[in-house]
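What follows is a group of structures, each given as structure tokens.
Look at the two complexes coming up: chain A is in both, with chain B in one and chain C in the other.
Now for the complex of A and B:
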């Protein structure tokens, strides 16, 4: 009875309403491009075992002069690193590790942030004040610096990165979700549901969450980009995955030592990091273009 | 009723006894009602100002109260942030590691040595006394001694702080200049421009450390026009400042574009155009100042990100600031230095926020009535 009064799928207002077909097509193309890049990277990561052992040191891996093999030499598609390990295998496995912590940390931070933002925006009052002031504190803590401090205690592993990144990034989601929940909280359909005696938790899940899904998708994409940057950045600084095991950030660090004689060692993982961040940025850009912009005319151009 | 309507400004609210007395509602400065007050309530009669306050005096007083309240709230939040950070660093230093004495002396220390260290750091005292001593130390500028070098952490950080601040100032200049240029270009054209869009996406997608290495390879090793060694002079500052600045450009560009587009569509610009001002005059007098406000808000939020990227940039270019100090401290597991840097960085962020916010309320009178950003 109560549910039938309410829009079951209140999608149009939040997504494609009021957009020209051309703009919508373009926005979808941008999202598709981002997803395509992401899919290609995931396939590369899943195919990592095909490229061999990332820790194996081959006798042929180093030339007679003690230099790493260049791209294509001795059957190494991307050459070897300074110790003679196959760069392709190391990069593929490194990408795998990076993707692992990206997914985990993204889910954790967006999940926690959504929970806090929804609760604060829905219940208001003291709950809101306490939660949002905590969010403010977390927002003004510098991430990399406290990340290093936290990592020195949490330990250096994939799990450690997930904990550190989730702890540092949930507050951004919470703030955005809180603002949007506040806006929806005053809307008639939420009030109607509450007046009908629907439990608050059900209202949040049924009526508020579906309305912020575009925002959540956008947040997840932007947060994903940030998580890749901060996670591989911490690894690059030595606070991530322990060295013999590859990770894009620690590969960057290894490559930086060989900057003068084999810049390839730096450029390959660097390209992958940029591609991964780019995929998230493209998805976010496309999603935010699906929300209609207000068309205001500048008074200078009449 | 009167109390409820004035929730935004409890200090400026008249005592309940006076609320029902005399002066007509028009005399009440509109600024006394917080912008969050729902529109339905603003129709209701408002409370009267205290006796003997002229409408004009009341207005300026309300404005001052607004500013004072805002700055006060900011200070309170800043103090809370620093208190939380101090507590967290204390926990990470003294509680989590189990035995800090062993952390300092290493696994092969003799029991006598451990005992002496415990004595020095008051580790035998109850935890809350240790916390009190630590917090007192932090507020008097004593961040403990470095495990590795034995020198006071505050002195170590004090040496490294000026270069970091110098680098940040240069980068902020690059960031705001380029961001404002791109944003203004788009706003004046009135549509999204492909080159700007591409630049923004590229800059968003390239993390600070990747951009740093690309620049180092291109300008340092490739073209040979920038130094690749470590150093702290102007020549060494150019590349890191540009890299640090470029990472923030897309954010400023979009803030400037949106802010300026909103201003260009507003009635006061219509009036300015209608009365025959030239385009440059309209921009200079009526648009730029309005756009400065969101830029300052952005700058306030940006400090935390800035202080983070500094670590990467300093490490890559060998700039002797607090970022590279912290990375060395991490490698050495030198916890007092690590935690000291966190405290100092948090203080920097809080001060930066406060500065941006104060500047904003000077530049933009509208912001004085907002309680939070």
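Now for the complex of A and C:
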């Protein structure tokens, strides 16, 4: 038997979260990085009116050969698009539109999913069977194809994207919240509250919901990234926000067609989409790291 | 040892043999068919009417033309899409007359000379050129023309071209199924045809230049039945040797019986279809294609314009006799008022719209094409004036004008519609863009369900009556906006009856002035055709309304 003479590294101090202070710091840094990127994008979107009218078409905006102006030409900081519109103004407004439907669709899908998951997990029995089999049906629907089909029914607009995304994504939240509710439903503090005659709705709101808030934050962040991708994807495919109104997906579509002669028309909106998705993923990742490993949940182990 | 040497020798033998085979295969592969068949340089003789051919020229070789789609039919009475139209006008058939120069008047081709026209302008006597033969070797006679024209009018065939012959006496009765023969057509002898018209019609000489009036052999039509549309027999500079739907190509061989001896200069013409436009452009630059049948695609205009080498070496803009305009539904409660339509013309920046067509259109805010020959233009174009537009709208009580702009998403309209939307918004007009499929748009236009819609017209007859009579006359077959102006109708009818082109143009100039003052739409451009060809194709000419002159081009040896 050998005994090490080296001084033992002191065990990291556990925090209230059950994590080491160093891991918690790192997790917070990841969240902060995500929030910083998101905040910068929100500021850019809010400042959109300062960059001019995104729909205004100026004769100076295109050359005699019909080509868009390059960055810095004729006073256009990022140049113009194929119709001679200011790319900076269109990108900022496009980002604003994308953020609008991201927030709305996220609130709708996470809200609906939470309500269904919580109710099914708490009441069990027939209610659970009906609700969760409905969730299974929605989870089995292929996202993009059914999204395109649904978009053609609800109309091509921000509202349409919100409806499509909420309809396609609420089931994922419901499945996760249901599992977590089942876990908490058997805990002593929930049983005790019920035994003492606390109404079920109050138990759900006061005792279960606060205990799944980290999970909900995590879901909302990841869901946000998915909403950006699917919403912009719909616009890219012509089923979301239609021209001339700018949206990052429709700008990507226009940029893809201009790749050979004006690659910045693709690169600028693409950078913003990547940054937006990254910001949501960073927040989600950071939040996830704040939870002890034993209690982590992810999309992969529903 | 012996065995070892023997095997080595054998292997050397195989190696040399294989190398020889590979080398010979490579040599064959590298030997282009077109170069192998180019024979010699010679001075050309007379060519059919059209652009001039300066000599000397090389004979032989092959030209490959690319198309997006298969043609509807190579039967000139049936097919009218660009692919079919070029085959009909430039490859397989020879009409009685052909347009001289780039866009000049009719000159004799299968006819021996210009027609004799009676004093009252109603009787045309056409003398056929002797020695004109079908691809099957049979001589063409006056009876072939009578049979061909009667077939075009046959209601069972439902030819798109039938209405072009309605000015012939008895033609309408045949088309309505009331008679079997056209009373206005008479054979005087094998080489003389008499045509009697219902009334003088100055456009009739232009009709005689069209491929659907070229003679067809009835025996081959009967023999081939519906397959005549794929293997037609005509009198043109080329004859079809194969039509392969599977491989998506048709091959045409030089016609040894062609009446303009010594032409065409190339031995073979090949059409390939089913090639996406972007791919066509790449194949043109790589030398796989020599000519793009539909020209340089407008959708790829920015790509082409951003590459000076491509634009200057491969693309030739050719003015067309045609215009493009924004059609307006004159049945709309506000668009009924001419002041509203004038306001929309004042609200439109035609120069900007022209730029966004990348050379395929030339800004021209007038109803008729910009380059009409000998046309005494008196109409005044609209200038952009937003204040004036607002005033006119206010006068007409249309300050809350909301319009629906339907289009089929094709270039350049998906972009132009957005520009128009913004320009009209400045004048206080709200436009909703409604993209739809082509068939849905056609249906919506025909049933008057769109307020605003894209319009263009290629004149196959170089006379503005072709455009005005079809699109702006109250009984015009393509008057989708329901436009009606009695004064315009009267001028068009008078112009049709005029005896000389100068008289006709004077009347049409007045009609254009009226159309400008009481606009049926927003006129913004005169059409160009962006011909695209490989620089190795020499003496390349094309007439936008018909197609490439394959009978006089040649390929560099």
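Assume the second predicted complex is superposed on the first by the 277 of 302 C-alpha atoms of A that agree within 3 Å, B and C clash if a C-alpha of one lies under 4 Å from a C-alpha of the other, contacts with A are read in each partner's own complex, and residues count from 1 in each chain.
The rule is short, and it goes like this: contacts are C-beta pairs under 8 Å (C-beta built on N, C-alpha and C of every residue); 3 or more make two chains touch, one makes a residue touch a chain.
Just so we're clear, the structure is a prediction, and the values are computed from it rather than from any experiment.
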First (chain B), second (chain C), both or neither touched by A:144: first
Touched chain A residues, chain B compared with chain C: B
Partner chain(s) touched by A:278 [first = chain B, second = chain C, both, neither]: first
Which superposed partner A:39 touches (first chain B, second chain C, both, neither): neither
Touched partner set for A:47, first chain B, second chain C, both or neither: neither
Touched partner set for A:55, first chain B, second chain C, both or neither: second
Which of chain B and chain C A:258 touches, first, second, both or neither: second
First, second, both or neither for A:29, with chain B first and chain C second: neither
Partner chain in contact with A:195 - chain B first, chain C second, else both or neither: neither
Common ground on chain A, meaning residues reached by chain C in one complex and by chain B in the other: 260
Touch list for chain A against partner chain C, complex: 55-57, 59, 62-68, 82-84, 242-244, 258, 260-262
Touching residues (chain side chain B, partner chain A) in the complex: 77-78, 80-81, 84-85, 89, 92, 96-97, 187-188, 190, 201, 204-210, 213-214, 216-217, 221, 261-262, 264-266, 269-270, 272-273, 279, 282, 301, 303-305, 307-309, 311-312, 315-316, 322-323, 326-327, 330-331, 333, 335, 338-339, 341-342, 345-346, 348-350, 353
Chain A-touching residues of chain C, taken from the complex the two chains share: 301-303, 305-306, 349, 351-352, 355-359, 415, 418-419, 421-423, 425, 433, 435
Complex interface listing, chain A residues touching chain B: 133, 136-137, 139-146, 148-153, 225, 228-230, 232-233, 236-239, 252, 256, 259-260, 263, 266-267, 270, 273-274, 277-278, 281-282, 285, 296-302
